[in-house]
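A single structure is presented below for examination.
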Amino acid sequence: MDGALRSDDAWTVAGRHFASRLIVGTGKYKDLPTTAAAIEASGTEMVTVAVRRVNLSDRNAPMLQDYVSPSRYTYLPNTAGCFTADEAVRTLRLAREAGGWNLVKLEVLGPPPTLYPDMAATLLAAEALIRDGFEVMVYCSDDPIAAKRLEEMGCVAIMPLGAPIGSGLGVQNPLMIRMIIENAKVPVLVDAGVGTAYDATFAMELGCDAVLVNSAIAMANDPVLMARAMKAGVEAGRLAYRAGRIPRRDAASASSPMTGLIR
Amino acid sequence: MDGALRSDDAWTVAGRHFASRLIVGTGKYKDLPTTAAAIEASGTEMVTVAVRRVNLSDRNAPMLQDYVSPSRYTYLPNTAGCFTADEAVRTLRLAREAGGWNLVKLEVLGPPPTLYPDMAATLLAAEALIRDGFEVMVYCSDDPIAAKRLEEMGCVAIMPLGAPIGSGLGVQNPLMIRMIIENAKVPVLVDAGVGTAYDATFAMELGCDAVLVNSAIAMANDPVLMARAMKAGVEAGRLAYRAGRIPRRDAASASSPMTGLIR
Amino acid sequence: MDGALRSDDAWTVAGRHFASRLIVGTGKYKDLPTTAAAIEASGTEMVTVAVRRVNLSDRNAPMLQDYVSPSRYTYLPNTAGCFTADEAVRTLRLAREAGGWNLVKLEVLGPPPTLYPDMAATLLAAEALIRDGFEVMVYCSDDPIAAKRLEEMGCVAIMPLGAPIGSGLGVQNPLMIRMIIENAKVPVLVDAGVGTAYDATFAMELGCDAVLVNSAIAMANDPVLMARAMKAGVEAGRLAYRAGRIPRRDAASASSPMTGLIR
Amino acid sequence: MDGALRSDDAWTVAGRHFASRLIVGTGKYKDLPTTAAAIEASGTEMVTVAVRRVNLSDRNAPMLQDYVSPSRYTYLPNTAGCFTADEAVRTLRLAREAGGWNLVKLEVLGPPPTLYPDMAATLLAAEALIRDGFEVMVYCSDDPIAAKRLEEMGCVAIMPLGAPIGSGLGVQNPLMIRMIIENAKVPVLVDAGVGTAYDATFAMELGCDAVLVNSAIAMANDPVLMARAMKAGVEAGRLAYRAGRIPRRDAASASSPMTGLIR
Amino acid sequence: MSTTLEQLRLTVNGEPMSLARGKTLAGLLAELGLDMRKVAIERNREIVPRSTYAGVVLEDADAIEIVHFIGGG
Amino acid sequence: MSTTLEQLRLTVNGEPMSLARGKTLAGLLAELGLDMRKVAIERNREIVPRSTYAGVVLEDADAIEIVHFIGGG
Amino acid sequence: MSTTLEQLRLTVNGEPMSLARGKTLAGLLAELGLDMRKVAIERNREIVPRSTYAGVVLEDADAIEIVHFIGGG
Amino acid sequence: MSTTLEQLRLTVNGEPMSLARGKTLAGLLAELGLDMRKVAIERNREIVPRSTYAGVVLEDADAIEIVHFIGGG
């Protein structure tokens, strides 16, 4: 099916084309080999990464790049841990130097227990990053007006949360996600909240261009199997969206003809 | 992925092994070529069929077998249109003679608008068919006690409805489906009600052994695309079920470490 | 509001008229005074009761009648603990002698963990009880065909489960409950599964004639407050059903006029 | 029940005490007599109103005050139609002069089809209004961080939408509403989206202090009956919240003892 | 309780019991301290109308069920 | 079709039909242009094994059902 | 309405209007048949306290807004 | 490590460090055993282009941040 998808249904963000509509986060895996195996199984072409200080006390610690090759997967550096526009710009400038590109994921989180996107800070940081030449894929609330504003200021993708990060609750407010999609001219991705395959299928059937998944794969009992499940689930949702589902009806209609019966 | 599934995750009903966990109905398509193309795309290995009088007034009408080869797909004859045990036995004896095997789908439907399974008649018909040597996959309500009774009388698969036939509403009562699954020693399939890919994914994540889909594919705007969607959706649900999803939580947990931040 | 309801919206079962659309079970309370206080607060006019052997080893144990007066509340004896038609008839004959009336609740439960109604046994017992002159309010599955059969054999009220007894999950399959209601000529009550007030409100808005609640009141932290909540919830649902709710729309419409604004 | 509520369960906003937890909007009714009758039936003590130019071409048109007495109901002037902080301040200064108090409802809506709150503009307007001495009850998105910010800047009540205004979809994202409630020190009301009584019951069971309803009453087939339904629904939800519901369980537990059966 | 040849043996609510001969159902209830208006009685699987308790004399091997209403759902 | 005394009258899939005497089921299928490998036949409510079609001679008043598989759910 | 040099021109709720010179806000409300207890007035974007209506004399080019409460959500 | 007057004091990833004078960023990475292709460096809040590491001589009180990519969501 990949071949088919590759040829007939790629999506584009900031001028880059991707056949896979699944973006995978690289956090929370029990180790790097598992990270590598799950990402391989997911069929993804883009992974989110964080920027952190090198650990000087353990210089021989294995590095992500040794397991997840930046030449094979587009690294999408995020701003996890940044709470101001300055911190976000500073962090992503380092990411740009380390990685050599400027497609980034902006996320400015509020405090626990929601870790909900801080939209006021996010709007300011998005502005600063765009001014600094970054192409910003932005994690945001499911607020259609804020989403439009982010698009208008130049964000290259809108990534509303489906549910709180790591909650595994799936898309909590499909109506708002759909309204954001209907109103957007740039790709819309559900980021955060996907808990299992059908959450991804559901999000794609709403019309999302792609889905970003981390905890649901990394913390599953078997991350590699779940990565395969997410790959299939995203493909299923995209195909169903394109196929055009039957309407919901509150009454039944038979599947077999009622004529030609023997008597 | 098929290869993988074939080798590592087949299911078995009445001693027959199947890699695909999607059974497709052959009714309601706009024509036989579309039927053939959709079934091909679905990757299914078993299709349901009805038994009807040959149309003597149009003897050259194309026949299902010419498009969907019984040598390639296991035909599962159903009792659509039968309302008594006698009719069911008579119809399936003809099917057995026409097809040469005795694996059948029993369905005894009540009147519109629900077309809900008539369980009293279904229990009687199941008994008669089993006595006559048939291997009965039985369409039934989501009643866990009736389901157990059908299993105990020898049905080889229990197929509770997810929602009214053709309604496209998806599984309406997941708790009961799960209770039937937990209590069954034979395969449990969701039959009827699947409206789109994520309904199939959802049903499989409940722990079903397979899903039976007809209207959702046949009546979709693009049946072939939807057939591919269902194939992927069923695989996604099965894989996620095996992978073991993360628990649902009402609070967030970050995907990126909060240590090692630059200062 | 009671006065209003009493005058303008009573319901009738087996020729008896009731202003309250809430039937309350008397099981599971921590003691009889709490039972009495909660039933008083609920505003109910009918309570379900079980028939059991007098405890000879503690002859001075307080009795239900001393706290919940049969002269004030219609006792509805149930067949809890009966698994055959004979047991049900025998138990309710005793209830009739003890209470002097023949309006009864038939319930034949399957085994844990579902305690789902055993419909085959229920149909047999209903027949036997009706033959014996009882007026049968019958606890049943949400199977519209079985419900119709029970009505046709003479049951005076159909009481499908909303969810497993004591689960507190609320109505799991509203579509089936609605189809039973639309197709019934006798009162339909949701019995079992109500967990809190809005479950009762929801059930009443589906068009039920009344709701039967036990665990949700008896096991609440404060049974008397929950009894008041259920009273209000049932009234709210009934009133809303009669009032005719606004349709669900996927778009907004303003509540204030957009004309006459100052400039 | 009012008596009881009045004495034992009032709520307070900006130092004013209210026994009724239902606030009713006065828009969209077919005429003023219906408005008056519905508001009377709702038992509310606070109504929202809009500020508009007097219609000079029809000077004898009846006025709201003639039907809904400001001396009996607390008028809560809203900023419907305002899209900037200036407009909101200007409009509510007029309202203050007309009505003589400074408790107001701030709403700054985005464009159709969502009419979603424009949070950036809302934050600015809230600041300006508070500086001007108003006590601001603020309509907002279900964003827990923005809600906290509004509280911290001095808003006296937080009123997140349950769903788009007039949609009648009920609370779409209960988790976020609950997180706002758990984190707030001022009253939280669900405003917008309530479609029928159980939506109000549900919102109150989430722990809201009150609910604001307009379209669901004004546009119901029978607004007066629906007003009574909302009154009861809000009371039911509040009582159930205080009573402490039973937990949801995926298994059944019997309501009648299984001992003492006759043999 | 100790029993003699004069006594009859029967079962009440599944428990063996010995009583003086000639005792009626009404007498049994009195001895058990039960209010007849709150119970119903089955004798050898047959309902005994309450109005007849005073006239029904118990016999050897009678199986008596005395029931009442308790809390139930 | 016109019929003569020599012909026999029977019913096929509910429709009356006249055929020359002596015709077998195989002959009937041939006349109807049906491929025997794709149908099943009931004669007077009894299944007729496919292997015997050539030997089964039709008789007056026979009720024949000829069925096949069609699309169904 | 016809106007003369003696009249002043102003705007009320966005509509041009001509009035006799010297008229006060109270007079305007009276002429418009409006109950001053049910309205609020803005004159050239400034709120006019109700208590002062009788003393406020209208001037040329005044922009007057007269508002009241109507049904709203 | 012991330090002498000839050494310079700076901060690397928040930790104080002493180095021989004249050391470059490239030298620091070498001493730390880090692969320059896998890190990015900030010196006193300014990004240092990787191509210049060999030419950048460290100075007293420099605040150096050496970062790399790690797993994140």
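Chains: A, B, C, D, E, F, G and H, in written order; residue numbering restarts at 1 for each.
By our rule, a residue touches a chain if its C-beta (ideal position, glycine included) is under 8 Å from a C-beta of that chain, and two chains touch if they have at least 3 such contacts.
All values derive from a computational prediction rather than experimental measurement.
Chain pair A-F has a twin interface among A-H, B-H or D-G; that twin, with over half of the contact pairs alike by residue number, is B-H. When the C-beta pairs in contact are tallied for A-F and for A-H, the bigger tally goes to A-H. With each centre defined as the average position of its C-alpha atoms, the distance from subunit E to subunit H rounds to 98 Å. Averaged C-alpha coordinates put the centre of subunit C at 75 Å from the centre of subunit H.
Centre-to-centre separation between subunit B and subunit F, using Cα means, comes to 34 Å.
If you average the CA atoms of subunit D and of subunit E, the two centres end up 64 Å from each other.
The set of subunit B residues touching two or more other chains comprises 25, 27-28, 48, 50-53, 78, 80, 90, 94, 113-114, 116, 164-165, 167, 169, 175, 214-215, 250, 254-257, 260, 262.
Shared contact sites, meaning residues of subunit H that touch two or more other chains, fall at 14, 42, 65, 67, 70-73.
The touching residues of subunit A, when paired with subunit B in their complex, are 1, 4, 25, 27-28, 48, 50-53, 55, 78, 80-81, 90-91, 94, 109, 112-116, 164-169, 195-198, 200-202, 205, 214-216, 218-223, 225-226, 228-233, 235-240, 242-262.
Subunit C meets subunit E in the complex at residues 25-29, 32, 35, 48-54, 56, 59-60, 63-65, 70, 75, 77-78, 80, 90, 93-95, 97-99, 165, 214-215. By the touch criterion given at the top, residues 254-257, 260, 262-263 of subunit B touch subunit H in their complex.
Across the complex, subunit B is touched by residues 110, 113-114, 116-120, 123, 141-146, 149, 163-164, 167, 169, 172-173, 175-176, 179 of subunit C. Residues of subunit F touching subunit B in their complex: 12-15, 32-34, 38-42, 45, 47-50, 65-73.
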